[in-house]
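What follows is subunit A paired twice: with subunit B in the first complex and subunit C in the second.
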Partner chain A sequence: MAALRRYLPHVVLAAGAFVMLLPFYWMFLTSIRSPAEIFSVSLWPIPEKFAALDNYSRAASQVPMLRFMMNGVIVCFGILIVQVLTAVPAAYALAKLRFPGRKLLLTLVIAALTVPIQALALPLFVGLAKAQLLNTYFAMMMPFLLSVFAIFLFNQSFRSYPDEIIEAARMDGFSELEICFRLVLRGSLPSLAAFSVFSLVAHWNDLYWPMIVVTDTNLAPPPLGMLFFADVESGANYGALMAGATIITAPMVVCFLLARKHFIAGITMTGVK
Partner chain B sequence: MQPQSLNIAGIGKGFGADDVLKGIDLSIRPGEFLSLVGMSGCGKSTLLRIIAGLETADRGTVSIGSRDVTDVDPSDRNLAMVFQSYALYPHMTVRDNIATPLRMRRLSVWSRLPLIGRMIANAETLREIDASVKEAADVLQIGHLLDRRPAQLSGGQRQRVALARALVRSPSAFLMDEPLSNLDAKLRAHMRGELTNLHSRLGATFIYVTHDQIEAMTMSDRIALMSEGRIEQLGTPDELYRRPSTLTVARFIGSPSINLLPVELDASGEIVLFGQKLGITARNAWPGPATLGIRAEDVFPAADGIEASLVRTETQGADRFVTFNLICDPSISIVMRQRVGDDLGADADGNVRLAFSKEGVHLFGSDEKRREITVHEQVPA
Partner chain C sequence: MARRGLFFVAPAVLLMLAIYIIPMLVLAVFSVTDYQLGAMSTSFVGLDNFRKAFSDPVFLRALWNTVLYAVIVIPAGVILALGVALLVYNRKRSRGFWEIAYFLPVTATLVAMATVFQFLLHPSLGPVNAAIKWFGFEPVGFLSNPSLLIPTMAIIGIWQVLGFNMVLFLAGLTAIPKDLHEAVRLDGAKNPIDRFLTVTLPMLGPTMMFVIVTTSISAFKVFETVAVLTKGRSGSEVLLFALYLEGFEYSNTGYAAALTLIFLAIVLVLSIGQTVHMDRKVHY
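Up next is the complex of A and B:
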């Protein structure tokens, strides 16, 4: 009975983890199998004919995979940098400065969290089209440059920064921007790590918006590139397709593993408040 | 930097409907150690923050020396503040913490940036800053802690770092907001002594906010006792103790608290305690109820005194504080200070008769203001 109570949570959690990880495992498995084995339901990790080299080299050579990755890096970091540069001062002002309308602005930020990108897609598309900005990096980044989620997350974490340190800094001659980036953000590194992971993963994996504003293969980020790849291959070579998918998923996994400690601290911290 | 005088004129401040400060006038002399004391909520911290520039007053002016700084930014007032929580920069070493006020003043925006800043900055200036940091650290004996971070320091050490950060820039005045209240009792007593030494060594102007009357009494040149947004009394510790101008001051200053007895003034101004004339007359006072304040050291056992029952004795080494309840009104308690070993003169029931030295009494009218008294020989009743 005691043993059951002790191990039951682990069993339940392991079952959950299995369900979450299975598609990724299947993706990886398919990427190293030969076309003959693709439709085998076996989960055995070692394929009869090891086709990894073939699949991966095909994925890397058939389409400009490096180019897609490069596009993804430019778009994701472009978005992330502008998001942090704009959200941090906004969150600092909302969390630590006293000015009329602060409560209203905070309410608007939270309200804006509820608006999905799909609702804005049409006006944004028309606007970008009129400005002749379709098929640019800017078009892919534009809707995400100001992140209300980032403002909300940083606001929650900046609130707990001690006021007396901010006041000491004012007396020492720090400007408000220096206080904001050199002290307050410095004290919220876990939140910054958590937000970076959220933002990078979301935009690296985003297919919806790039598909709307980009038709040029040279500008495609990885998921859109994969779509082009699938079109080129008519969806026939699943092995190579999954090899491509593995290649574009890997950076995100690495990114998460690097920031894992801070990421978890970041979301649990803001969760408690 | 020469110690500067500070002048505060007509400062008023309200938060919402509450007036926290109701017109404060105060001049602080150059090199003076002035304490602002009072219960929490009396406005002392707000006043200090207005002097620092962290809060803006609704009306009134603040000037340092002859310069009006009412609308000047905190960093341009050349004041240093020590906070209750010390407010050290948590990610910086002690060395960087102490150097920060100087870096912010003497280095340009670009040379303050991390990493590349050191390359752009003027080497001469950096050397000067390092030297000043070492000097400040030596004054506070924290030279061996320079490479640690605040999280690795004890409360007392953090306190010293905060002081070093304040004095490194040679400010016109030091502002301290309850800097000792996070320390344990023994360390607090020790740091009181160190702060007094630091004050006489630097000769600087100190403004010290505390709710602890012992801190104010032991360190200050003058005390401003605040209550409900006003300065109740301004004077030396001795004046506040010996001649409290109101009942509030009398209650606040002194440990143990002053004994308060309800009395009546008769038509001639003679003080009557429980129907007994005391041989003390109030000058310029009209008949009616009043309050008599007597310090614990002015109470002594006497055969012709008021009867009281012993409640408890607290021995404090050489002295002890003995608490009594009056027999005629047990809701009134009296504390007496006595040398340990001196006789209480208790009777068979454990009751003691108490009298007090007439020179030591303080009389407060029904408006709680001090009344002057004349002591004359007691007429036997």
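Up next is the complex of A and C:
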């Protein structure tokens, strides 16, 4: 009975973890197996014949897999940089400066937090179509250039920065921009790290918006590229398909394993959103 | 001082206008017209789009399916996550490992993982059906039987959201003072289940509320799995996919705008629960 009580939680957790991890295991296993073995349906971890090279090179040659990754990196970092550059000064002003319309802006920020991108997609799409901007990196980034969530988060975090230091820095001739980015933001580095993770993961994995504004394969970010690839392969070659899925999933999974604490902090912040 | 403040918020304000305020107004205008992207003429149709939505069998099916999906994902995603969190919380040395195992699906690209699920659940090539057959049952057409499409996608939805909710519950559990458990134990609640019902569950009230709200909002936004697994074919129509088809594939902009407003209304009602909660915290 005592032994049961001691080991039961582990057994239950292990059974659950098996279900959670099975897709990853199956994905990776299939990606290194030869097509013949795929039909035998076995969970045995060591393939009879390693076909990793075949599968991965097929994934990379059928569709521009590396190009997708590049697009993802460009779009995600483009978004993140503009988000930080626009949200940090705004949050600093909201937290530490007095100006007309401050209350109104804060209300708008909080109201905008509840509006999902899917609600704005239609008018933004029409606007971008009219401006002939569909199928550009700009179109992919445009709705996300302002993160009201970042303003909200940094506003909370900047408020606790001591006013005396800001006053002293002003006396010393620091410009307001220097105070904002070099002093106050530096005091909120954990928030910045968590927000960066949140933003990068959200946009790396986003499908809805790229699916709307991108039809050109060469501009597709990873999730859209995966969708194109699944259509091209249409279930014929699972080895290559799973190799593609592995390539696309790997960056976030590896980052997660390396920086677990930041990742969990960043992703669970979506809950606050 | 005031000038400086305005200068600092100017970029954010301009983007706010361009991304939120003007598009919202435009959306409202679209919703009362029969505008189609690229059409020559457009006319005012009043509330016809909304009336049409509630008599459109495709939209009603999408609404129903989304509700069905949410009704499966919300309780399962919350209760299972709570169970896992309670078990993981008491592990000392292995806690990190379990956290990784359960949280991994949250970080993974859902589009890629949906493709993996398609293969896992394959009637003849997938290990899941191989196991079902090994136990002597008939193989299950997870993705071919129309009435199983939504439950299958709900399983994937639960798989994806579980780790996220687990982490929120773990944070909630950490916030419960340790001596409270001790106090109740001395008061005679010897049974762990009693202690769970008298201390843990009530203390988790705010977290619970929060988890339920975020899970329901994300359930109403189900899209990727449909886009990958079924392309919205009969039996798997959901709200966002219906919206996507009307607005971006068929270019029925006016009608899609009305559907968007209905979708937004649902999300707002769910978020209000969240805001009210954040303002005054659920009391114990």
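Just a few scattered comments:
Simple rule for what comes next: the second predicted complex is superposed on the first by the 204 of 273 C-alpha atoms of A that agree within 3 Å, B and C clash if a C-alpha of one lies under 4 Å from a C-alpha of the other, contacts with A are read in each partner's own complex, and residues count from 1 in each chain.
Heads up, the rule we're going with is that a contact is a pair of C-beta atoms (placed from the backbone, for glycine too) under 8 Å apart; a residue touches a chain by one contact, two chains touch by 3 or more.
Worth saying up front: this structure is predicted, and the values here are computed from it rather than measured.
In the superposition on chain A, contact is made by A:L183 with subunit B only, not with subunit C. Of the two partners subunit B and subunit C, more subunit A residues are in touch with C.
Contacts of A:I165 after superposition on the shared chain: subunit B is touched, whereas subunit C is not.
By the touch criterion defined above, A:L22 lies against subunit C but remains apart from subunit B after alignment on the C-alpha atoms of chain A.
Legend: residue contacts after superposition of the two complexes on their common chain; A:F174 is shown touching subunit B, with no touch to subunit C.
In the superposed model, A:P45 makes contact with neither subunit B nor subunit C. Touching subunit A in their complex are the following residues of subunit B: 49, 52-54, 73-75, 79-81, 83-85, 87-91, 100-101, 104-105, 112, 114.
Those residues of subunit C whose C-beta lies close enough to touch subunit A in the complex are 1-6, 8-9, 11-13, 15-16, 19-24, 26-27, 30, 37, 80, 84, 87-88, 90-91, 94, 96, 98-113, 115-120, 125-127, 130, 159, 162-164, 167-168, 171, 210-211, 214, 217, 221, 223-224, 227-228, 240, 243-244, 247-248, 253, 256-257, 260, 263-264, 267-268, 271, 275.
By the touch criterion given at the top, residues 9-10, 12-13, 16-17, 19-24, 26-27, 30, 38-39, 41, 43, 85-87, 89-90, 92-94, 97-102, 105, 108-109, 112, 114-116, 118-127, 129, 142-143, 145-146, 148, 151, 176, 180, 201, 204-205, 207-208, 211-212, 222-224, 226-227, 230, 235, 238, 241-242, 244-246, 248-249, 252-253, 255-257, 260, 263-264, 267-268, 270-271 of subunit A touch subunit C in their complex.
On subunit A, the positions that touch subunit B within their shared complex are 162, 164-165, 167-174, 178, 182-183, 186-187.
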